[in-house]
Amino acid sequence: MELQRPIRHVKIAKDMSVSQLVDSFSGCAFGAGRLSEAVDIYREMITDSECTKFFGLAGAMVPAGMRQIVSDLIRDKDIDILVTTGANLVHDIIESLGLHHYKGTDAVDDIQLKHNAVNRIYDVFLPEQHFSEFEEKLQSIFKEIPDKLSITQLLSHIGAKLDDDDSILKSAYDMQVPVYCPAIQDSVIGLQAWLYKQTKPLNVDVFDDMRNLIDRCYEAKRAGVMIVGGGVPKNFILQSMLVTPRSFDYAIQLTMDRPETGGLSGATLDEARSWGKVGENARCVTVYSDATITLPIIVAAAKVTRE
Amino acid sequence: MELQRPIRHVKIAKDMSVSQLVDSFSGCAFGAGRLSEAVDIYREMITDSECTKFFGLAGAMVPAGMRQIVSDLIRDKDIDILVTTGANLVHDIIESLGLHHYKGTDAVDDIQLKHNAVNRIYDVFLPEQHFSEFEEKLQSIFKEIPDKLSITQLLSHIGAKLDDDDSILKSAYDMQVPVYCPAIQDSVIGLQAWLYKQTKPLNVDVFDDMRNLIDRCYEAKRAGVMIVGGGVPKNFILQSMLVTPRSFDYAIQLTMDRPETGGLSGATLDEARSWGKVGENARCVTVYSDATITLPIIVAAAKVTRE
Amino acid sequence: MELQRPIRHVKIAKDMSVSQLVDSFSGCAFGAGRLSEAVDIYREMITDSECTKFFGLAGAMVPAGMRQIVSDLIRDKDIDILVTTGANLVHDIIESLGLHHYKGTDAVDDIQLKHNAVNRIYDVFLPEQHFSEFEEKLQSIFKEIPDKLSITQLLSHIGAKLDDDDSILKSAYDMQVPVYCPAIQDSVIGLQAWLYKQTKPLNVDVFDDMRNLIDRCYEAKRAGVMIVGGGVPKNFILQSMLVTPRSFDYAIQLTMDRPETGGLSGATLDEARSWGKVGENARCVTVYSDATITLPIIVAAAKVTRE
Amino acid sequence: MELQRPIRHVKIAKDMSVSQLVDSFSGCAFGAGRLSEAVDIYREMITDSECTKFFGLAGAMVPAGMRQIVSDLIRDKDIDILVTTGANLVHDIIESLGLHHYKGTDAVDDIQLKHNAVNRIYDVFLPEQHFSEFEEKLQSIFKEIPDKLSITQLLSHIGAKLDDDDSILKSAYDMQVPVYCPAIQDSVIGLQAWLYKQTKPLNVDVFDDMRNLIDRCYEAKRAGVMIVGGGVPKNFILQSMLVTPRSFDYAIQLTMDRPETGGLSGATLDEARSWGKVGENARCVTVYSDATITLPIIVAAAKVTRE
């Protein structure tokens, strides 16, 4: 029972940088201690030139205002492989059309919103009308793509057609970062594909993407993953490593989900060690706090090291 | 401001039935009140002969011991359409091979588990060896299926080959209940498909299933949904209704996720009204409590009405 | 690594009793497994004739409709010592005056409620007017009590004056069960005492109650505790045992709070072992689910054994 | 339905200050948006010279490393009235004796810890031996205090005897900031008082403190409150305002607790409006995230304004 690291209390200084604040968390416990550890792991991971960097993005992070962080990480080469949800990509495309999400409130009459043709995502408002422009854009893109392609290829085609350097899909296209989206049909992109397929051929195979992703796992000298919010992206990244002799060397998870319900989203990263997804000696930490707060902090605090 | 429904306090009687207990919750508030309302809605929904009954199953419900509840609901015709995760189906198939999950503990050394070739799902233990038998079974099934099919067709083929009436997939096959699984590649079924495709042709289109699901939404005179645990199943069900002029008339959500993080899993059902997924006059309720407790209670309490 | 207890899947039967349902949870994991274990421990604890039974009651359980469960447990001699919050006692007294709490909704304009003189406790509504009758009652009781007494004595005096056998305080008075309420000033009882003390002498010592409570800990051959909702009651019970050579032999905790924030309310019962509050060989379990659901289930399921 | 505030996406810059980061959150939603609003309210509150500033401190914030933040706020006159738990004061006194808390881990065998005489608070370790020195200190202080005093007076006497300017109690003593602690008996301070009272007279009245606290509420031109972690401090502060014609003008709550269980800790600040504790036009916000992360951020971001 070692008692070697006394708790050191945070002291707030004027004009403190994010990096300094998080460094002062290194002597703290609970969430502050975990956040400090996450930054430490993230700094090591992104400066490890032999590390393939995976990024899992779930939750409505784009509507919340986290889009540019992700696209900047891609352009800064801090993301080699992105796995995300259809929803985040839909909202990324909407913004790339110059259409906005709006700050609203969760204390609202949703039936009134419906009458006003405004959709709600917690405290974000989105005019239904945006989806008409989205439809027009996507149908025009669909017309120009091959009849048969994989999900990542489909997303790459879409990215190529977006005229917005802040877009996640456009940045991924520019930087040749593959974007995986296993449940793409579970999104308005999927609904547009359903519409398109009523009259035109389109064949996107469910399993085609797996080979490339698993190959990247095989080839990685070392591998690290930042998991924002659990869900399909978390499991898809971790399971791809499972079939290789390797495992993740760095893993960070930002979530409010809890382990006790047994779902994968809230599962600890230690649980992933029992499967061999995360390595025995891997550095890993979960920060149980709102990811719209912790992700920006980690990226800001790690930026010092990076550049 | 109506003050017409006084809180009536629960009185516990000896040998009380589940149904009686939940009925006594009808005068209560907080979780007890919500659970009572969920039962009331569920009773109405499953006895509404013109209602198409959707069921979204996320979270590790099969490993936890909830498999038979779902397969019985299918055989009792209380589920018309099932949308679930690959993981639940993997664990369903494993059990159908006569292989067990085991009660373990979450207070365990996961590296030790790894050395013993035991995988952990919170407090459930699963021998890695089971996946070898799973692989053998799945590869033998893949050999006999068409080169080109949809996800629901693939799952139907698997269900047909399972020799276990308690299996969810087998029950769905027997009862002609379609099983949707948008992110099927995000599971060990996906990994087996990746393996199979290294030497054999297999083409499963991502979007092919959407037409049938959306058609069922169009055709439904009334529609109800039981959502266990959020995730892709929740959104895939709700968005399919979105493109129709209809909306859900009944909706129940069992989850521990919370609204404040903005993710879809924790989103309130009122939020879904703003999108038109849930109707303005629909009856809906979310029960914020462990679904391995609340799902059995609701099904037990509703069974009285049903039969 | 023992793999000896296969998961057994719940099968719902018609007219199932609560006891049967929970017994069927014994082969399950996650919350269902924990609930089954809680019932098992609670059955052993309340039938252990040499066990002193503590009960910690926090959260707004009385407004929610859980009042009679607690008073019945007292009258059934399943609670020897009650530790609770001032709020629960305030709402118990209000109900004993024939005044009701009302089912409301959390989706409401609180400013409108304020204008209508209705107070809200999540989805419970309470007319402000009730507090006038409460004031009248309490001031009349204060007039007849000694100038100097302990908190438990004060609560006993109040209990004696309530004309309602369903009241927690009245039941405790009748059954000579001491009621501890460390933060009694943090309640409308406290506000009434402040009012009374503006003109009359009243001296209630903060620490006087501790001796009797700690004596009960010393004297207990065995000790068990049911902790509903954490807070001051949880810690006050556990710390009283801390100063004795003994520790709790049975401990059950029903809460939605989580360990990761480091607060005592969400702390695991294992953590309490490190302090010696809960014994090394004690049986203990935490059920992470809404206590307005789990408490009635446990009491109903244990009633079979008890009588 | 106004759609006037487009979501503006966070852009991370190198060497960004905490203040700049939080300002960039002002265009965001979910937790980031709430945190930005909290900083905005806090800046207005602490620079409002006519505002009486209350601070509620629950949860194990001192063991986690948040002690100096609180003592600095007191010395900077950003806290006029402190309401906290006995536990935070106990750990403050321990640190003031030069005794440390230590970073540990929550993945540990608590029985082993017990054998090593180490107490655990989530991932903080504390040698039992520290409590012996704590006892010696407290008993020596008790000997010198009046037989009869209030809780705040008792705490003031303790603060006066601590030789550590970083101590919360010492800082409060120096700055004449009253420290309220309604459930003081629910702490090791309480256990020491019980010990002392076995041989010496000590009378600390439960209700004596209320007058001064309520007087401060009456006198306040404007009033603001920062609530960390709920519990007794939250309610004690809010209820004291309840008996006055006034209400809080500013209110910030940092918590992971959730509203749905109906407990006061997780209750929204809007609910407090229905009671008249928080004013109709008051600015208030709850940040649902780990307070060991959000409190330092808010204080750091507000410091720019303050000085």
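Chains: A, B, C and D, in written order; residue numbering restarts at 1 for each.
As a working rule, a residue touches a chain if its C-beta (ideal position, glycine included) is under 8 Å from a C-beta of that chain, and two chains touch if they have at least 3 such contacts.
Since this is a predicted model, take the numbers as computed values, not measurements.
Homomeric contact subunit C/subunit D: same residue numbering on both sides for over half of the interface positions. A repeat of the B-D interface exists among B-C, A-D or A-C; more than half of the contact pairs are identical by residue number at A-C. The angle needed to superpose subunit B on subunit C by their Cα atoms is 180 degrees, rounded to the nearest 5. Chain centres here are Cα means. That of subunit B falls 34 Å from that of subunit C. Mean C-alpha position of subunit A lies 25 Å from that of subunit B. For the pair subunit A and subunit C, the distance between C-alpha centroids works out to 43 Å.
Each of the following residues of subunit A touches two or more other chains: 29-31, 60, 63-64, 113, 118, 121-124, 256, 258, 260-262, 270, 288, 290-292. The touch graph of the protein chains shown is complete.
Put simply, subunit A touches subunit B in their complex at residues 58-60, 63-64, 87, 106, 110-111, 113-114, 118-124, 151, 182-188, 190-191, 193-194, 197-198, 202-211, 214, 229, 231-232, 235-236, 239, 242-243, 256-265, 267, 270-276, 280, 290-292.
On the subunit C side of its complex with subunit B, the touching residues are 1, 3-19, 21, 24-25, 27-33, 35, 60, 63-69, 72, 95, 100-104, 107, 112-113, 116, 118, 121-125, 127, 166, 256, 270, 287-294, 296-297, 299-300, 303-304, 307. The residues of subunit C lying in touch with subunit A in their complex are 29-31, 258, 260-262, 288.
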